[in-house]
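Reviewing the structure listed below.
When the chains are written out, they are named A, B, C, D, E and F in that same order, and each has its own residue count from 1.
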Amino acid sequence: MARTVIPFGPQHPVLPEPIHLSLVVEDEKVVEALPTLGYVHRGLEMLAVKRDFNQMIQIVERVCGICSMIHSLCYCQGIEEMMGIEVPRRARFLRTVWSELHRMHSHLLWLGLFADSFGFEALFMQLWKIREKVMDLNEGTTGNRVIVSVNVIGGVRVDLDESQIRWIKDTLVDVEAGIRKLQSTIMNDGTVCRRTKGVGILTKQAAYDLGAAGPTLRGSGVAQDMRQLKYAGFDEIPFEPVVETAGDSWARGNVRFRECLQSIDLVRQALDKLEPGELAAKVKGKPDGEVVTRVEQPRGECLYYLKGNGDKFMQRVRIRTPTFANIPPLAAMLPGLDFADVPVVVLSIDPCISCTER
Amino acid sequence: MSVEATVITADKLVAEVTRLHNEGWRLVTMSSVEIDAENMEILYHFDKDLKLTNLRLSLPKGGTIPSISGVLFGAFLIENEIRDQFGVTFDGLVIDYQGRLMNECTATTSNSPFCRLLVKHGMTVTKEVK
Amino acid sequence: MLDAYIGVLVLWPLVAGLLCLVLRSPGARKALVLLTSAALAVCAVGLASQTPFTANPNFLASEGTLKVAEALAIVFPAYFLLRGLMEKHALVIIFSCLQLALAIWGMMNMNEPQTVQNAVVCDGLSVTLALVVAIIGSLIAIFAIPYMQHHEDHLKLAKSKQPAFFLVLLAFLGFMNGMALSNDLRVFEACFEATTLCSFLLIGHDNTPVARQSAFRALWMNALGGVFLHSGVLLVQKQFGVVDIHAVVNPALWTGASMLPVALIVAAGCVKAAQMPFQKWLLGAMVAPTPVSALLHSSTMVKAGVFLCLRFSPVLTNTTIGAILALSGAFTFFAGSAMSLGQSNAKKVLAYSTIANLGLIIVCAGIGTPVAVAAGIVLLAVHAATKGLLFLCVGDMEQTIGSRDLEDLRGMVGKSPVTALAACAGALGMVLPPMGMLVGKWATIEAAKSNPVVMALILLGSALAVVCWVRFAGTLMSGKPLPTPEKAHHSSPLTNMPLMTMLACAIGLGMAAPWIDALMLPNADAASVFTTGWGLMPPLFIVCLLAWMVGMKVLGRQTAVPQASPYMGGLPSAEPGTFVGALGKNWALTEGNEYATEIFGESGWTKFAGTLAGLLLLAMVGGAFI
Amino acid sequence: MKMLPTVLANLFSKPVTRNYPTFVRDPFPNARGELVNDIDRCIFCGTCSRKCPSQCITVNKEGGQGIWSLEAYACVSCGICVMSCPVNSLSQKKTYRPVGTGRVTVTLTGKLPEKPAKKTEKPAGAKPAQPAQ
Amino acid sequence: MSFLKKSQIKSPWLLHFDCGSCNGCDIETLACLTPVYDIERFGIVNVGNPRHADVLIVTGTVNPRNAVILKNLYDQMPTPKLVIAVGACGCTGGVFREAPNVLGGVDKIIPVDVYVPGCPAKPEAIMDAVVAGLGKLKGILEGSK
Amino acid sequence: MNLTTFYLAVAGLILAPLVGGLVSGVDRVVTARLQSRLGPPLLQPFYDVGKLMSKIIAPASHWQGMFVRWALVASLAADVVLFAGGDVLMCFFIQAASASFVAMGAFSGSSPYSKLGAQRELFQMLCYEPIFLVSVLCMAKAAGGFDANTIMNAGAQPLLYKMPFIIPGLVFVLLVKMRKSPFDLSACHHGHQELVRGVFTDFAGRDFALLEVAHWADVVVILWICSFLWATGPLQMVVVALVALFVIILIDNVSARLTWRHMVKVAAPLTFVLAFANLMWLYLE
């Protein structure tokens, strides 16, 4: 039987970002899939030699717009650890608030795109409608919808006042109600289940061996979440990682859906723990030494390896992002799929090519 | 301060990685860093129950080391990226992008942290001014 | 004059064939084939202009001829038996023995039947078959001249086997005509057996192991068909003492009588028409050189089968046998269409589609009303032309690129545009309105009004056929053919002439379908044809003409501008038909059709459909006892 | 079919769409929008140009004149320069910079301070942005 | 203005291509399609196929690998066409101008009709840009009679 | 053919595309409302077509223009047949020809997406044709003829009472024909699909505009035939068509896209069997 070769991407309507898959299909079953990256590669790790360690905050925030706040959080934590800076308590909880708001908007965004990948336009619209409320929270509190840019080394540069806190809490009630209404659609709708259940199965062992991260890993039953490392305010906020065991696209979707609800709860807890205090510690000197630091991004574990040498320019900023780790599992899942399921499975790892390539 | 890591040589690398893998460690990533004009290091980060263990491998830029992608398929992307950036050749890479993972420029020189030869618009190769 | 026409139609081909054998020179052969073709065409048209008529040409009616016919009833099975013994083919031996036994038993025990009034009774059905044989068959014979030359060049034969080949080929046409025209069951039977012999010889012509195997498969199945026919004929003779076909097909004769003979005769027709479960012999026939398969599929052999069924259809109207026959025909149509959908071998696509379409004609025979029979005749004629065209095209393309796989024929429109476009026209003519096949199908559905299962099966089958043929045409038209090494292809005028004529026939007949239909109907019905349903057709043709003109104009305009580069997600291509993909490699944009083999796979369907059709056949014969 | 109540509810309630060009929502009070320089206040110290992560500000002193120019479309509105300006001459509007059909470089000239400037008098608003080409 | 010309203004279909953007501008472009902004009000549909698109929205910086794609997509669009560069990156390269693998803004490769500043550009700004682009097109159409 | 028939035919030629365009406009507005959006103007589809008409672009294949024209003519011819009260079976066969020409045009294109789209288009045809035709057979059986006129004048009692089981089948056909979820397999309205724009990927500019018009004509035919179910008067028929349209839009908005394997193996056989059972019931009654 003759095979069809499909150049899938880099420009393709179901792909939010450019990545190319050279797909070989037979009767619409994938027999071979090879990815190509590099369409959004900027080489920004390399900018460390041209921008000082403070300016690098704004650079790493733009590794990716979707979880920009968490990138700068990770970077700042690394530098703080290197320079031995103690971050004030209020700043730590504020960081928690924004990082969870980011997770929420990211997951809603992704759930929408996921719905789009199997042609469920109304669900996409509904989710993004809810997400706009979270975006408003971001803009209202920080001044920018996406790149909130709140982190500085030693703490944060924006504060929340009482009225804002109340506003956040009120809005979250709406958001939660909206999300919960969609729960049965995402989890139980017949057509949705038919497109996601049993599609792109990654066993627990495979997920672990291939180095999957985040919801992709947790969807396969591994309870690992970097927030358990108790950075920012997570030392005082108890939480359980969200785990699903099926390992298919449905499970990965559900992990994210439930994490969304969990984030709402975490934001509330963090807001409740806010006490008056300093926003940022004073910073003196230049970073020197070597650290590895990890945080949990919406897409999973993000690792920064930082090396300074006492200069104002870092010697090395190495960013390992979750999607980078999730590409090999994706490559392993693709063969054998129906061509129609390719977008679903590609989206199910929540590919963020921007940070994969940097 | 510096990252705790077991120093390892290229010939023992695969055995050590296999051992860690069998003990249930998960490969998080590898970090490459330039030490000086000629030398670089690669750190292998492994995770188990939120704890990190690291291997540190020193090598000359543009050198050749064994690939661990045969043991851990997930490593192929990282190794390809390091090859892109530092011109290190990995022996036995399962999917080899030939130094073209991120870009067509293959002119990675041995003394570079990342290539300094850029393909600028118009597709002429120009030396980057630094 | 009529006698001369008939003489030329029936006897001349055999004579010309023998001359080929004797003269052996290619030039003479060419001349003889061309001459025969012309003569056949002229005579058939001459006959058609006189239809309906009866005649009593001496060479068909004489005592001697009848003796020969009776002798042949023994000679043919004896020859089959001989070949069977040589090949040690059990089934052939068994069935030819049965045939022999029947023939001998019949000779010993049967009283001389009433003499036949008219040796030749020519009505619409007969003349249609004669025309099909004379025109379509001849065209294929002409096509065979350069084809066989090329074929033998390929095989590097020391001694040409073409004289023998053309002897059989031409004689085949004569026997077909004999069958179409003769009104005496015994003569008919002799011709019927003769076609079995001819097809056996033609399929086995190349004498490769596969060819031999296929030939013997065809032989045993058709010998079985012969057994059916002969026993049916003997029973008729016994019941009524007549062998005059037109007397036999009078429904009045059968009231109260056992229908078993009719069931047997119709079963023989089904075997010859390669209806399931006997489709295998026709598939095997695909190994033969293209002119042979074209001949078997379009104008001869299988048409003999449906001709037989249509001939007997008046007595099938409103009988259980008729209903079951219609059902089994409809089922074959459905299953054949489904199986053709799962094939990538172009010739197999054609084969299954032939089987399917014959099933459709059988449905008409099973219904047996004048409207249905008229639809059946239309289908018979149009199918012959269209399928003949498709075979010639596939054969020609096969000689061009050396493969008959649909996947390899992709984008043929770039390599040999004329043939490919002709093939597309044929393919679309198989399924699209206002062409004859669809019109016939439409008429059949409406004629089967009383049988919902048959209608539903036809609808399913027709949907399958649409997919199959549009995909076939689409594959040929597919853009950006892959760069394959071009092979020199010498297309001679003798290839193109039959091809183009066939194209004209296919389109002409396809368009003329409603009028043919009107011609075939009894006068009372014919009058109403264009005022009711068919009234749509003439305006539709005008619309088609307009669309054609507009289409051509746009085609001209678009051909004048350069083509856009293909959309490949924005990727560049280093050379046409490729893109620069993963690993920086140059990926060829290969394509494959979807055959959904998990649904339309051949083996599963063969088992399922074979069993079901077999049961239907048994039911039909059994139905005769009710 | 689980979506049915939601979509029906949508059908019978008002669309959430903000009819944008007709209806413009007030910007948030702390929105980080277009960057403006109150050039009369600027002392051309160059801090902003050094701190800017996007390196889109250049400050030049020529012949007693200070030239502050901003490559407007490269500015990422981060506000670092605003935070670092010693005399608070920089500020960000609440509204975003309008779209344009050509690249824009904002060039402002002002007098250099004679001495360590200690002017507190509030000057008139910044000069309008000038398209460079 | 004839119906055909008018409909060119009333039905701009867009193609969005992400050249090395950080996603920030992408998601804001996507947000334009969603209920709160709903650019379908202007007849805009995101078609995802250059052969159907009238407006090319480009986010992010250009690098050698995606420059080829960008050019291809632009060439495959029917004329008349508009190009909108979104965000600091699309306009000039933004913060990444000096990164080793960045060539700069979109206008290095294809002509840009409207620049949308911001990092990321707000959905309202993107809508403004489409309107501005259509205004430009309208001018051209009226000029050409 | 008398004069009334002729006028009706001309009306069909002109009205059908207009009505189809309006249907499409209504569809887009209602869809937007279901998604809590304001949506485009009602006449948006006409602007779209007008825009496409005035675009300049090279064809992806020389043959496409021809096939597009043929498809358009076939679609309009099907309309005319129906308006003039002709044979419904033939009307549908003509429409199938239109779909075939679209597929042929897609095959002759050069992008792999277009060809995959063509394959899927054909599989869709495979699925909806028999179901639809069996439904027509039901109507014909109950009304006593295959003519649109005969069926529409079938009597006082709506046909629906006699053929409840063809409803799922008709809904399926409508979903496929209008390219709606869950069966927008060969091309979906907006391009967010694995096949980009499927069969339409390679058509552009004027060719694409004409295809859209052909599509409108098709939709009118199908909706009209569905409205035979309650053909007790013109108003009732319009209401049935509108209800059908609304149901289709609703289903589109509450379901994900399924795969063609699912369609061929589950959805189509199921609805076919139901429709066929209805047919048998009518015969056995």
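As a working rule, a contact is a pair of C-beta atoms (placed from the backbone, for glycine too) under 8 Å apart; a residue touches a chain by one contact, two chains touch by 3 or more.
Note that this is a predicted model, so its numbers are computed, not measured.
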**Prompt:** Counting one step for each move to a touching chain, how far apart are chain B and chain E?
**Reply:** 1
**Asked** Measuring centre to centre, with centres taken as mean CA positions, what chain is farthest from chain F?
**Response** B
**Central chain (by mean CA position)** = F
**Prompt:** By mean C-alpha coordinates, which chain is most distant from chain E?
**Reply:** C
**Prompt:** What are the two chains with the most C-beta pairs touching?
**Reply:** C-F
**Complete:** Taking each chain's mean CA coordinate, chain B and chain F are separated, in whole Å, by 57
**Item:** Inter-centroid spacing, chain E versus chain D (mean Cα positions, whole Å)
**Value:** 23
**Prompt:** Once you find the CA centre of chain B and the CA centre of chain D, what distance in Å lies between them?
**Reply:** 42
**Centre-of-Cα separation between chain C and chain B, whole angstrom** = 68
**Complete:** Going by residue number, chain E touches two or more other chains at 17, 35-36, 38, 41, 46-51, 63, 65, 69, 73, 94-95, 98, 100-101, 119, 122
**Fill in**
Where chain D touches two or more other chains at once, the residues are 1-3, 7, 10, 15-17, 19, 53-54, 76-78
**Touching two or more other chains - residues of chain B** = 95, 100, 102-104, 114
**Prompt:** Which of the residues in chain E end up touching chain C in this complex?
**Reply:** 17, 49-51, 68-70, 72-73, 75-76
**Complete:** Residue positions on chain E within touch of chain D in the complex are 35-38, 41, 88, 91-95, 97-98, 105, 107, 113-119, 121-122, 124-125, 127-129, 131-132, 136
**Complex interface listing, chain E residues touching chain B** = 62-65, 67, 100-101, 103-104, 108-109
**Message:** Quick check: in the complex, which residue numbers of chain A touch chain F?
**Reply:** 4-8, 12-14, 28, 115-123, 125-126, 129, 189-192, 194-195, 338-343
**Complete:** Per the touch rule above, chain B residues touching chain E in the complex are 102-105, 114-116, 118-121, 123, 128
